[in-house]
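Common to both upcoming complexes is chain A, partnered first by chain B, then by chain C.
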Partner chain A sequence: MEGLKKVNVQVCLGTTCFVMGSSNLQELIDTVPKRYGDDVEVSGVPCLGLCSIDWKFSKAPYVKVNDEVIKEATIDKVLKMIERKLAE
Partner chain B sequence: MFIDIDCRQEKKYNQNAYGDYFISRRYPAEGRLIAVLSDGLGSGIKANILSCMTAVMLLRFIEDDIKIKEAAEIIMNSLPVCRVRNISYSTFSAIDANEEGLVKIVEEGNPEFVWIRGMDVLKPEYTVIDSVTFKNRHMKVYKIDPKIGDRLIFCSDGITQSGLGGGILKLGLRRDGLIEIIKSKLRDDISVSSYELAKYILTQAKLAEPDRKPKDDMSACVLYFRDPRKALVFTGPPYRQETDGEYAAIFKNFKGKRAICGGTTANILSRELGIPVKTGRLISIDALPACSYMEGVDLVTEGILTLTRVLEYLESGIPDSDNAAAKLANFLLESDVIDFMIGAKLNQAHYDPTLPVEIEIRKNVVKKIAVILEKKYFKKANLQYM
Partner chain C sequence: MHISNDALRLKREILARLITAFYTDDFEENARLIPFDMRPKGCEVTYRCCVYKERAAIRNRVMAGLGVALENDNERTPIEAYVRVAQKRDKPDKEVLTVLESACQGCLPNAVYVTELCQGCVARPCLNTCKFSAIKFVNGKSFIDPEKCKQCGMCIKACPYQAIVKRIVPCENACPVDAITKAPSGHAKIDFDKCITCGKCVAACPFGAVHEKSQIIDVLTKMKLGFKVIAMLAPAAAGQFPCSLKQLNTALRKIGFFDVWEVALGADVTSKNEAKDYLERMERGDKFMTTSCCSAYNQLVKLHMPEMSSHVSETKTPLYYTAEMVKRQYPDAVTVFFSPCVSKRKEASDNDNVDYVLTFEEMGALFIAFNIQVGKCAETEFALESSKQGRKFPVLGGVADAVKAVLGDKAKDLKPVLIEGLNKQSIRELRRYAKDGVCPSGNLIEVMSCNGGCISGNAVINSVKTSFKEVGSYADAGRDILEIE
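Our next item is the complex of A and B:
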């Protein structure tokens, strides 16, 4: 059934991601539920733990959409990924 | 035993300087606390100078274990003489307490202190020392041993004489009125803090005055002997991952309030203890990551940015804000003994020179926080690295 397919968006609020721009992603939490209703759930997470693995080529801020990681995340990139996931 | 001390004061209504002076200092290494409350002759600047000199000198003399009789003589001979009354005068209550529960008190001219246990007022014994040079000066010397839960309340005569000559209380509040005020607050909350009780006494004394204008300087100082409030701040991942479980167990079994500072740290404790981390609807408050939540944990914040801001707040004052650093700073100040467990593992990504802000090393920030907690806020801070 279409309605059961849920997209889960996690915004990393760890130190590196926060200073690299996840602090500007509040709009996602505010607008996404209005736009997509219950199909998409957006939340902050304390840390996705990605910058410490990938530190030599850090691409923070990181956002995870289902299992897919968005590097150097912006609102645009996240919205595009949400659309893609909904279309899958 | 921890001694919770606070003093609240009010100026005489038409003055712009406090005529009473209160000073206290803690000596954590010796578990000692010295405090002095002095009331200077008259009011305003003149009284302020007299009481300030008395209190500060007395504190230094007690610090150096100089005999109180000699100290009082030196002070009385040092004070400037009032041009109008041709005398120099200030009263004082000096308190020298240790955490083992031994308290020495010397009073000269101030109202007798109130020693209250539960709802009972105790009557301590004292000896009297007469001044050699000033015939009408007598000091009362007490040696008492308060138990956990006891309170000692000191005040200037502005409190006990509030309402004198006008209003409902023709003879003023007096000692009985003061005791009644204390008891009424204790009936409400037997574990009320010294800050709250001192504030309450002052408010009630002001209410006893006609037009609520204090006719004299007012001070209420409260000492509350109680078990220390303990807190634990767990910040940073342990250096060796295989010890995560061991440290998580210490966190779990800690008796007191607990805070976690750090996203990775929260994830580790969440994994080890099986408690999910939840976040709210806000990403950021005042340019800091918003708090997360874990059941049974009092506070969960981001790590270094928040700790750095906490240090700023402890240095220059905590704003009235809901941000994570203000919450953590208040969490620290609401505790008496704070254990910091500091993970030594560094996240290399924090030291990438292209980051827009400079990120401090966790260990250094926490050390600075511990120093300021001890020096400025008289807390006990213990650091443990893991």
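Our next item is the complex of A and C:
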């Protein structure tokens, strides 16, 4: 059906991201679905493979929202991106 | 600290880079280059006035990573010289913390002051509540004379516009024993005769200017020299990484640790001895006993509360017993304790069986540098079995529960009191118990410097909520302390 939007959020829980701060993004896995219901899906995933490419720039932790990558992710950045995707 | 912020990320990144540099052909040169690699020419300047200042702060953090005291740096010594020191020294520095002057903002001193929100109202409750006549009116607005102000905060509460605020120095404010103050230069300075190494200032400083001195290079050097290096995991480790403790065992072996032990084993010895100690004390008529496993608390008693010492259990810490067992099995091994906090470094400096202490943050940096995905590691069993109760030590109430479990039927008069975090108020309470020789709310006082226990130590990685769950489920999978030989 048209209009039914799905936003898929993947929080990287690989070791580098976890140590660099995604440990604190885990709460999104609980809180986001409560807030947005079925429109948004959040899961913790193993290493997205970005840390080894981008390590020199040390932008972990990474979160992927649909196909867009958030570097140095924070709760705030992720929530803003979700809002943007929902509005698209 | 579990709260993620850029100061913490910076620290972890520097550690990871330092470890990477250690394994290159030219450690000295690559360590020197870290500030330039992280802040290359033309990069965006994120925090400070210019790229040079940022590099200077990073250089100092690299030094802390090398385990050097920054207080003695003359700024002329090249990093390479410190790299050599780190690889040659036999014993790490006794003092645990160091202040990075280049990172310290030199915050304005504590003060109560009136903001522009002041409406110069008719009632002027601020004026009337101040007991020290520190408030006067200048140009129709309230003004506080800093000479007279005692910072009691009454006027803050009185103002209906919330126009009066207290400006605080975060590190000073966090220190429960007034060990960190501002030097004449305005920068923070730690009085090591007073410091209990609780690390609260490390967590409190928003500029990340209070740093612990790392022992990571010492440990890696020993490994490189071919020593058997044994890792001892604090029970809180069970909730730190996105993997099981058995996977962590494997991951550490990949780095080069020869064997990995759980400190929960030593916790079981602590529980048994502490139960015995408690019974003996109650039988001889004591009114209460406190636990003795938090090293910051032990330092507090030693440095600031000697009147409490007769009430502190004589039992040694879980780390003590574990290290003893490890050295018995491997007399010439090098032992490394993985800790939730920096305070344990202090404890280790008084114990010959514990050669080094690394924090969970440093463990994380090792995994980053070695590119180890802990969640993909296979599981390695531990040789000895730890109990349900021993595994629960890092959670507030865990120690008291363990003592209770050991006492069984004899626990009927036991009434635990949990001191959740050392701060000015809880220290005042403890002083009162020591002075009166009695604690009105119970007879076994469990004292943890960190709110919630070691799972919220100042060098943890995981959020307290998640690690609470993980530590709990690992404990639930264990057998009762009385069922294990």
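Just so it is clear, the second predicted complex is superposed on the first by the 85 of 88 C-alpha atoms of A that agree within 3 Å, B and C clash if a C-alpha of one lies under 4 Å from a C-alpha of the other, contacts with A are read in each partner's own complex, and residues count from 1 in each chain.
Keep in mind that, in the parts below, a residue touches a chain if its C-beta (ideal position, glycine included) is under 8 Å from a C-beta of that chain, and two chains touch if they have at least 3 such contacts.
Keep in mind the model is a prediction, meaning the values are calculated, not measured.
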Between chain B and chain C, positioned on chain A by superposition, is the outcome a clash or a fit?
clash
Is A:74 touching the first partner chain B, the second partner chain C, both, or neither of them?
second
When both complexes are superposed, which of chain B and chain C contacts more residues belonging to chain A?
B
So, does A:11 touch the first partner chain B, the second partner chain C, both, or neither?
first
Is A:58 contacted by the first partner chain B, the second partner chain C, both or neither?
both
May I ask you to decide whether A:26 touches chain B, chain C, both, or neither, giving the answer as first, second, both or neither?
both
Quick one: classify A:43 as touching chain B (first), chain C (second), both or neither.
first
Clash-wise, after the superposition, say which stretch of chain B runs into chain C: 9-17, 171-179, 207-215 or 315-323.
315-323
On chain A, the residue positions that both chain B and chain C contact, one per complex:
13-16, 18-20, 23, 26, 44, 46-47, 51-52, 56, 58
Contact footprint of chain B on chain A as seen in their complex:
11-16, 18-20, 22-23, 25-26, 29, 43-47, 49, 51-52, 54-56, 58, 60
So in the complex, the part of chain B that touches chain A is made up of which residues?
262-264, 266-267, 277, 279-284, 287, 289-290, 292, 300, 302-305, 347-350, 352, 355-357, 359
Which residues, counting only chain A, touch chain C once they are in their complex?
13-16, 18-21, 23-24, 26-27, 44, 46-47, 51-52, 56, 58, 72, 74
Which of the residues in chain C come into contact with chain A in the complex?
2-4, 8-9, 12-13, 37-38, 241-242, 361, 364-365, 367-368, 371-376, 461-463, 465-466
